[in-house]
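Encoded as structure tokens, here's the structure I'll be asking about.
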Amino acid sequence: MQTKKIINNGDDAVDEMLDGILLAHGDTLRASEASGRAIIARHGPREGKVGLVIGGGSGHEPTFVGFVGQGLADAAAIGNVFASPPPDPALACVQEVSGGAGVLFMYGNYAGDVMNFDMAAEMAAMDDIEVRTVLTTDDVASAPRDQAEKRRGVAGNFFIFKAAGAAADEMMSLDDVERVARHANARTYTMGVALSPCSLPQTRRWNFDLPEGEMEIGMGIHGEPGIERGPIKPADEIVDEMMDRILDEMGAASGDRVAVLVNGLGATPLMELYIMNRRVQARLGEAGLETHATWVGNYCTSLEMAGASVTVMHLDDELQRLIDRPCHCAMFRVV
Amino acid sequence: MQTKKIINNGDDAVDEMLDGILLAHGDTLRASEASGRAIIARHGPREGKVGLVIGGGSGHEPTFVGFVGQGLADAAAIGNVFASPPPDPALACVQEVSGGAGVLFMYGNYAGDVMNFDMAAEMAAMDDIEVRTVLTTDDVASAPRDQAEKRRGVAGNFFIFKAAGAAADEMMSLDDVERVARHANARTYTMGVALSPCSLPQTRRWNFDLPEGEMEIGMGIHGEPGIERGPIKPADEIVDEMMDRILDEMGAASGDRVAVLVNGLGATPLMELYIMNRRVQARLGEAGLETHATWVGNYCTSLEMAGASVTVMHLDDELQRLIDRPCHCAMFRVV
Amino acid sequence: MTGDDIKAMLLAVADAMDAARDELCALDGEIGDADHGIAMSGGFGAVRTALSGMDGGTPTEVFNAAAKSFLNAVGASSGPLYATAFMRAGAAVKGSEVLSDADAPALVEAMAEGISHRGKAEPGDKTMLDAWAPAAEAARAAAGQPAAEVFAAAATAAEKGAEATSQMQAKLGRAARLGARSLGHRDPGAVSAAMMLRAMTAAL
Amino acid sequence: MTGDDIKAMLLAVADAMDAARDELCALDGEIGDADHGIAMSGGFGAVRTALSGMDGGTPTEVFNAAAKSFLNAVGASSGPLYATAFMRAGAAVKGSEVLSDADAPALVEAMAEGISHRGKAEPGDKTMLDAWAPAAEAARAAAGQPAAEVFAAAATAAEKGAEATSQMQAKLGRAARLGARSLGHRDPGAVSAAMMLRAMTAAL
């Protein structure tokens, strides 16, 4: 039996979604003429500004397309579900947003994305556009600390893109935007938990098996296996496991400030996310940390997967300023 | 076997959620000292302004608490999951937001809510605060047209509250805010479809049965049975059934303007909502209607139910102005 | 019946509602929103807490305390309905420290009236009133008999009334939009009403 | 082998990938993200469309058209890997209108090199290279034999290589973080590589 989805032909899902997005948000977004999978901010790119291009597979909405807009990303290259976009839309993004000051590619650290975006960067170099790349690697569960560069990029993208987008919006140089992006990535920590699987529009079968009563801590946003599977625990215990790890990695001093994202994977109600936030804040408070800002909601999803992640960004003055800077995207605003 | 939820004790879920909400959004929201279930906008209520109090059962977040803030509702009375709040928090809301110009209660048309809010209104009258009530009845599937006053209030709340909140923010009189609220309600039409059931935190059992491969058109946001159950259809066919009914009820003339909400019930990914929006806009276009504004996302949920609803508000100049007016709520902003 | 006897009756109801919680949720799931057991057991849990913390008290004071605690814990449909029922019962025996057998029918009738007043349901609408109205009638008919007989007659009538709701089409409450689809299902509020009267009877 | 023969081989692969779509998705679901069958059948579907619209063409032109259409339809990991493989194969036989048996090993070796160059995998990392590297070796060893024999040897070696991936711990790709949990599962990319070579062989 097929999983339940409100779609037409599964092969058309991504393109029909983009149609629906452009119809809803035509005031802030448009498609590139060179590629319907290159979505450009109407009010972002400009002369002399570093262009920020993000992207990756579909199925994580509002990541990536929802974070395109003034003050955040200038464009997103959109792949098939859970599949990196090919080089062409990424190249189209570069050409649309290049303001003469260089372009930064930012995306999660996955083999397919690296190969495709690298090919696009090589093609852009032939057009004499300098493209640099910063990979996000915030998923602390996905590799040990001494191999942090192998980690996956997950919901922390939100903070890392936001900081880099604000830096570009401040008209920083490519060197500085790249420095900010690397710095933001290094100070962003995410842990996730999955409760139920997702299914692809084209197969409509469950991507993996997560039996009744069980959860998996550390599972990736495409269902990549995590670090521990076992019976579902109370919310506070789940959050404690996440926060123990995050606080340990972060090594913050009492009095330091953080930004928090409690993110739903798709099928988990806001009620549960806010119950998690209650414990997150208690743990941060116990550690003497000050929460500067909190976001709670579905920011980086895995189709209809149930579960959630907690991201903490360890702020400093510069990151705080950049996180606070207004931005106007179709699916996210800071005012 | 229990359904999977990230909660602690089910009986504490609502209060722990509110703790988490206040921790995340303390700059815009606070709890009344008289009742922890009365959530007040920090920047909304003021002298001479009609106070707008909304409310109802929990489990529909961001409805109701997420729509409290400057320019929208001044307070929300929060009940247990799927249960009207008792009179006390509603009365506390009235006392906190009364600016001398009267208070308007707005909530969905459910027997329990009516009884509890009416009791609160009677108590407020003893304090010499005039409270009037406008019930929302936007769910066109829930009663035939000649009994429109018996219909349930569902996702259309979003538009109806928004219009009334903007009217109060414009410092309209109680008479006028009430008129606007009734007018907004009369011009707002919602149809929903459910794909899978939800479960209450206290029982952790599925609330109803919706077999593999089946959907139910017209199901209510607490799982109240709808008008037609059958095999899942393609997105375009589902939307067509909804839009046929909505367009028929609305009776708009070519050239009229509308606002659109494509709302997820909790477990349905944005991808599917945008695919629906594509068809919604096509149907509106065929009918010669102009879409002034579109919102897509989870605005009125039913815990982890999968499904979606489409709401169309038939605008006129006044409603358009009110819908466009800026508001600043914890979980919703217009800028 | 002293205030303490009324307390004992209400505490017995609290235990009965805890035991029936899942059954009532399941009944409500068929035609409503699956939470009636939560409302009843949660509401009477709050009554239990309030009455446990209460030293002495007249029957009227006990009913008023029950009304208030039930309402504030529950809201929903049951909250105002039972809060009004208890306040009416308290008002019906106002001034008495100890109730006689002759007060028993008045208590049941007052509760039924409170529910009818608050909910504005008609008999046959498929609500808890379809248990409470026949219960009141049976209690009235049993006037003159010992209180235990009066309550027993009311409970039996309520059980029959609750049973009969499965032949009714809902006109009020969440099930109202079901039309013919509500046939064949008992109304959860009517079923819990019968359980309540049966538990009260047993506690006498 | 003319350009049309190459087309026939690639169209046979497209049919094979359609047939294996669900199996490859299921394999990918065990250690990856369950979409490898979609990528391969979608990618070769695009190749089919591109080649069907192509009139004539040299082997190099056919390979280049396949590379471009596969890449643009798919992205993912498979896209750049096979696009590079096809471009290398096209480059290896550049200038020839008709390929001889002696060109067959060069084709397989070029594809393996392309995959190795693009993916930077080492043998034993549990990727499609663990099918392509032994395939290239077997093709080289079969040099001098008819093209059909060369491809058959490559396919057999790739099948063995794919089988052997179940004993490997993943070092690259989505499965890389699985460590020992990837043991016992074949790599989906290696399995589809073997199917590809087998379909090519059958089409010759």
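Going in written order, the chains are labelled A, B, C and D, and every chain counts its residues from 1.
Rule of thumb we're sticking to: a contact is a pair of C-beta atoms (placed from the backbone, for glycine too) under 8 Å apart; a residue touches a chain by one contact, two chains touch by 3 or more.
Only a predicted model underlies this, so the values are computations on that prediction, with no experimental measurement involved.
Count the smallest number of chain-to-chain hops linking subunit A with subunit D, moving only between touching chains.
So the least number of steps between the two chains is 1.
In terms of CA centroid distance, which chain is the most far removed from subunit A?
Centroid comparison gives C as the farthest chain from subunit A.
I'd like the Å distance between the centres of subunit A and subunit B, where a centre is the mean of that chain's Cα atoms.
Each chain reduced to its C-alpha mean, subunit A and subunit B end up 29 Å apart.
Report the inter-centroid distance (CA atoms only) between subunit B and subunit D in whole Å.
Here subunit B and subunit D have centroids separated by 53 Å.
Between subunit C and subunit D, tell me the centre distance in angstrom, where each centre is the average of that chain's C-alpha atoms.
That pair's centroid distance is 73 Å.
Please set out, as single numbers or ranges, the residues of subunit C touching at least two other chains.
Where subunit C is concerned, no single residue meets two or more other chains.
Going by the contact rule already set, what residues in subunit B reach two or more other chains?
Where subunit B is concerned, no single residue meets two or more other chains.
Should the pattern of chain-chain touching be classed as line, ring, star, complete or other?
Per interface graph, the chains form a line.
When you check every pair of chains, which ones turn out to touch?
A-B, A-D, B-C
Any idea which subunit C residues touch subunit B in the complex?
Touch list, subunit C to subunit B: 22, 25-26, 29-35, 37-39, 42, 71-81, 118-119, 172-178, 181.
In the complex formed with subunit D, which residues of subunit A make contact?
For this pair, the touching residues of subunit A are 11, 57, 79-88, 110-112, 115-116, 119, 142-143, 150, 152, 200, 202-203, 205, 207-208, 220, 222-225.
Enumerate the contact residues on subunit A facing subunit B in the complex.
1-2, 4-9, 13-14, 16-21, 23-25, 58-59, 61-62, 66, 193, 195-196, 201, 212-213, 215, 232, 234-236, 238, 260, 262, 266-278, 281, 291, 294-298, 301, 303-304, 306-308, 328, 331, 333, 335
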